[in-house]
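There are two complexes below, and they share chain A, which is joined by chain B in the first and by chain C in the second.
Showing the complex of A and B:
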């Protein structure tokens, strides 16, 4: 993926003492790892989501399913889902722009600019969920 | 071992992954809007329910707009439950057909993007060729099952 941000010469490879490679995590590597992790999480969510919506064919089980999704743990999950989607979408868009338009912008600045956009979207989009969770846990009479 | 046909197919998949990803951004915005932000038809409300409430069949509440719309469509005595709010959308035949078409397309694109991505990740970490093949077959089988189940749910809903 075209997200390499070399700002220091590569150090000689350290001797590998486990089957896992040790990486130096810099901006590009962080972007790639977070993209991967959020992607796998989103596939897991997609499986649960599509499988759960079998209930759409029956009134009682659909209402039961939706009520269950309003439990605190799922509301927290809903916020995390938003964060994963927004990150994956914006970083994915960055990859597409670079791959298709041959962009070679200042990679780090582009990444952190999109990071700021992501933070705003997550904050605004997640506000109602966070508000209702705070209300549930701390303000409930 | 990489034949010309295989590398062409890989390049096409790589290209397609970017196309489906771009499509998904727009489809997700539409999906989110319908599910969360339309005052009349949002199926997801912001209520948080305790375990006790869920056990006692308490359902999440909806906006006055949604309640009014359900009652206008299904009668004064209609209950305003999550199912009825979805049915409110599907009660309009034009919307229902559009919704079904959109969701089937969305399902196909999301499953392809997700499972192609998952296979990329898996082939990076699974070194044994046999295990890699097995993971590939199993994951795409799961995708196929989800496609069939998902399409069935979308088509049958409200009919």
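Showing the complex of A and C:
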């Protein structure tokens, strides 16, 4: 005769189900969260971008819209857009190398080396934007 | 040194929700984290519940969240967690699993996923007189994956598991790799049907929390990637 030696608890077990858990963030999880955030940001940007194109119907309204894009807030946005695209592309490359070529043992080195490449690309590519912002805020007399 | 040990306690007969309690515990830097818990249980509060058996990193019973990361309590030393007197070490049950009491989680969901990938040799050919042979080179392919002790640290560290409780998770799929890539096994088709699914391989976003958590230092992500490639080629 089988004897059930495990008493059922008075109450069901406490659920810990939640997609958000407090957990130490290391390289891999940081790379993934930044990838998700930049991805969502790029989709949001795409909506704004396409919405802006509706002004293409006539020359006057298009010029008016483009003139608005010279405001400093859009310069900052331009820089963030570049940063998001560069990071998302290079980390995407990292994931491809891990999944397709089995580069998993080098994932941290990959993150930091591609991160360095990203920093250079963002710095060089974003230089005109940053320069125009410095010019706007500090050099314009 | 004396440490401030904080433990997430939960007694279903008394508490409505888990809560933190602190204990002052004398410790040596070379003690295991498990020793801190056993000091609490044996000298301060005998009602503390935890799972442990061999205490030497073989049975895989005492996986839990220690200072915000999943670890095997018996396999981590105090000196690798904190270095100053009075520092805090926090113990909580593995995240995203139902808590039965204190640090003891309900593992049924974890082992259901394990059984789903058919973690046994599938081979309908009659067994030879002595054994099914495998060369050292053939064994090398699965050697690292055979070191898994099923402690659950990886699966409960995985954000995909947190978001989708039905996701098979790294531990179960590592077993799928271990048998699919075993040269004596013929069950590739049935096993790939299970892992090449909505709750299988494609929810692995190479976050590497499983690798960081594994007390046996298994490169789980690497073997899941190999399984992804095999699955993509044969699908």
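As a working rule, the second predicted complex is superposed on the first by the 119 of 141 C-alpha atoms of A that agree within 3 Å, B and C clash if a C-alpha of one lies under 4 Å from a C-alpha of the other, contacts with A are read in each partner's own complex, and residues count from 1 in each chain.
We adopt the following convention: a contact is a pair of C-beta atoms (placed from the backbone, for glycine too) under 8 Å apart; a residue touches a chain by one contact, two chains touch by 3 or more.
A quick note: this is a predicted structure, and the numbers were derived from the prediction, not measured.
In the superposed pair of complexes, A:129 makes contact with chain B only, with no contact to chain C. In the superposed pair of complexes, A:71 makes contact with chain B only, with no contact to chain C. In the superposed model, A:29 makes contact with chain C only, not with chain B. Legend: residue contacts after superposition of the two complexes on their common chain; A:47 is shown touching chain B, with no touch to chain C.
When the shared chain is aligned, chain C comes close enough to touch A:107, but chain B does not. By the document's definition of touching, both partners, chain B and chain C, reach A:99.
In the superposed model, A:63 lies in contact with chain B only, and not with chain C. Of the two partners chain B and chain C, it is B that touches the larger number of chain A residues. Overlap of the chain B and chain C interfaces on chain A: residues 95, 99-100.
Against chain B, the residues of chain A that register as touching in their complex are 36, 39-40, 42-43, 46-47, 50-51, 53-54, 56-57, 59, 62-64, 66-72, 75, 78, 85, 89, 92-93, 95-96, 99-100, 125, 128-129, 131-133, 135-136. Within the complex, the chain C residues that touch chain A are 10, 12-13, 17-18, 65, 67-69, 93, 95-101, 105-106, 157, 159, 162-163, 165, 205-209, 211-212, 219, 221-222, 225-226, 228-229. Across the complex, chain A meets chain C through its residues 9-24, 26-29, 32, 95, 98-100, 102, 104-105, 107. For chain B in complex with chain A, the touching residues are 18, 21-22, 24-25, 28, 32, 43-51, 54, 57-60, 81-83, 86, 107, 110-111, 114-115, 117-118, 121, 142, 146, 149-150, 152-154, 156-157.
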